[in-house]
């Protein structure tokens, strides 16, 4: 099991039966592959689809049916299509239970940076700035450290923000960390890591949940 | 009741240099393919284009970029296009990035006569620079203004001769709002129906918003073909 | 031909071929009866219908299909149904070419009062306050004077306003008067009345259009 | 996925004294007839009701007025109801009148997470008293705030077990926005379908907005029967 798969499988546990969920582009989209058949979950796509289904077979590809990552998809039974304005009304209005998104940096107060690196070409924020304020719960999934081995969980984001104080939980290949009013709280440590490993690869001081040694 | 065109160039020929146009679609899905290509032919210049994306290098709005007909893009995501990057870095192209939900609502607001509304999207980010904010119930919101355009180009699956439109699946996306926000709205439809053939309960864009109609055969290029085994 | 009919017939001339029109409740609704078959006109009803048809026959009454006056109606071919929010987006956004409304009072600057008489029970403004700002052109049809014979076209409205500076033209049983930047301009005098009659039954001083004696 | 009720009283029994509720319909068209009658049975008091109208003396929301269950009405037009007039004049009932376009947009805004928007309706009238104004492009607009409710009661022609709704003709009216603006939305449907039976391109209210469903037979009383010869 690689890191992406490990993270996606852990993120699946955030998805509760009956939830309406928006999965961000990239690794978050993978979470869909692991959602238990015991849960009835409806996936929302901000380009105007409630009820994303599996990828189509080669013969059933419909060029008019894509997800927000512009991949060809299908729709489940009971799905609906609507305009982008309606889609973001749904998001902004708090009707989506959970958004699972990627990140470049997360700060201890829940600030999120995931759309722009100054000096590099700006691609645009897409729907991320709306999702972080609209979804009832925002869970970030990402590698715990960057390619240089430096923390991505910081006291303060160095990159331009996507949203201030918007993250509820961070799931990485090493740990699960909650954003609380008191600060970041380490609630799970992945196999192969210790509490000390997590603290050493995380800039802010972590509150250690009871029961974690 | 509406002008029904047979030439795409005729349908767009009064789009003038420096015009602001809105173009429907998300990625390459739901774009008015032939109306865009007609703008290549008319060669109109210095366009300000409001559209969620900017096509790819060789399709959709990317064609107008290649041909240097675009002065400014107002979009939420433009990351699929190398020529876009080159023109922005060289200063040839101006870009204004707007959160996707704000963009779709700004267009709806423009079409609905709402000059401004408040949204949480972008508070505390570079997007908020220079924008008014206001606190409602202890939470900060940004004032976003409505957007309108000289011309709106949309694509629908079905249209009737009165101008009523029905979209297909996720090819709906920005098209319904864009149809409302153009002084002149030009609809490229896959199939044109007689008046009365479309069910009144299922109209996505009522006829009042559409001034011109034209039937267009679509290539419907796929940006990211993804299939299950 | 009674006054209502005379006014409605004159108001019909305001309706141009290809227009989208909203007719207010009461006398304005009557205008529909006189619209020439040579004009293609689409009537909008603010409760969510574009394309009002004639009243139904007794056998074709549909209780789910009414106009803004709550009368049973039909829909023309090419009609569409939509929500009240969409209906007023259409109105507020300037997509309706013409609204023909009734009035209690109109002032020389185009102020309109047509919804409330203080001390009497308030019934509500319905869609009138939206219509007067949204429609490209607002034409008022009403009796020239009230039941006591007093002018309804005033220097200043005495009743609470529906909208400020919103009326383009007033059509009464006696005259047609335009609201212009210079003041009220008398443009037509109905048969049986003189310019002097009109001025005498109108509070503000009228500019008399060229060609009217 | 949604709770599907068979008893109207069960469907509304947690609507508590003092609750704010929104109720769909225009006149008597598109009102959730049986959900309203169920509130008569539960006897809930001091309701604040947001609804375009207030029924007639003996039908629709008028029934709740007769039974003195309403503390305040937020509406655009209430002129069909004598008991309404009596209660307002006696001070038993509070009424807040809102222009119909502002009311429908305030409800949409509430459901869409927009705390406020600007509209020209009401500028310079008694409606503007105490409201903020702002000038855009030389024209004055009023700030109107979004509306939400504890419970929303709507009626649809068709619903599926997932909560998707389709309305019939002008029975749509305020129902779609009201469905989005209630913490709990209860839909009375004329016909209930299995999941997958309703066409996804024709859904007026996507399932996410609806928490409870119940099938109800409608009387559909006609307020102003008008026929041609």
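The chains carry the letters A, B, C and D, assigned in the order they are written, with residues numbered from 1 in each.
The rule is short, and it goes like this: a contact is a pair of C-beta atoms (placed from the backbone, for glycine too) under 8 Å apart; a residue touches a chain by one contact, two chains touch by 3 or more.
Quantities reported herein were computed from a predicted structural model and do not represent experimental measurements.
Compared on C-beta pairs in contact, C-D and A-D come out with C-D as the pair having more. One inter-chain figure worth recording: chain C and chain D are separated by 28 Å, centre to centre, where each centre is the mean of the chain's CA atoms. One simple way to say how far apart two chains are is to compare their mean CA positions; for chain A and chain D this gives 35 Å. Inter-chain centre distance (chain A to chain C, centres taken as mean C-alpha positions): 54 Å. With centres defined as mean CA coordinates, chain D is found 33 Å away from chain B. Among all residues of chain D, those that touch two or more other chains are 105, 108, 112-114, 119-120, 167-169, 172, 200-201.
Residue positions of chain A with contacts to 2 or more other chains are 75, 81-82, 88-89, 91-92, 133-134. Chains touching one another, given as pairs, are A-B, A-D, B-C, B-D, C-D. Residues 18, 20, 40, 42, 44, 50-51, 75, 77-82, 86, 88-96, 133-134 of chain C are the ones that touch chain B when the two sit in their complex. Interface of chain C with chain D (complex): residues 45-49, 54-58, 61-66, 69-73, 75, 81-85, 87-89, 91-92, 111, 116, 121-130, 133-134, 160-165. Chain contact summary for the complex, chain B toward chain A: residues 26-30, 52, 75-80, 85, 88-89, 95, 97, 99-105, 107-108, 119-127, 157, 167-177, 204, 220-228. If you check the complex, the residues on chain D that touch chain A are 1, 108, 110-114, 160-162, 164, 180, 195-196, 198, 200-201, 203, 206-209.
Remark: chain B residues 105, 109, 112-120, 134, 136-137, 139, 141, 145, 166-169, 172, 200-202 touch chain D in the complex.
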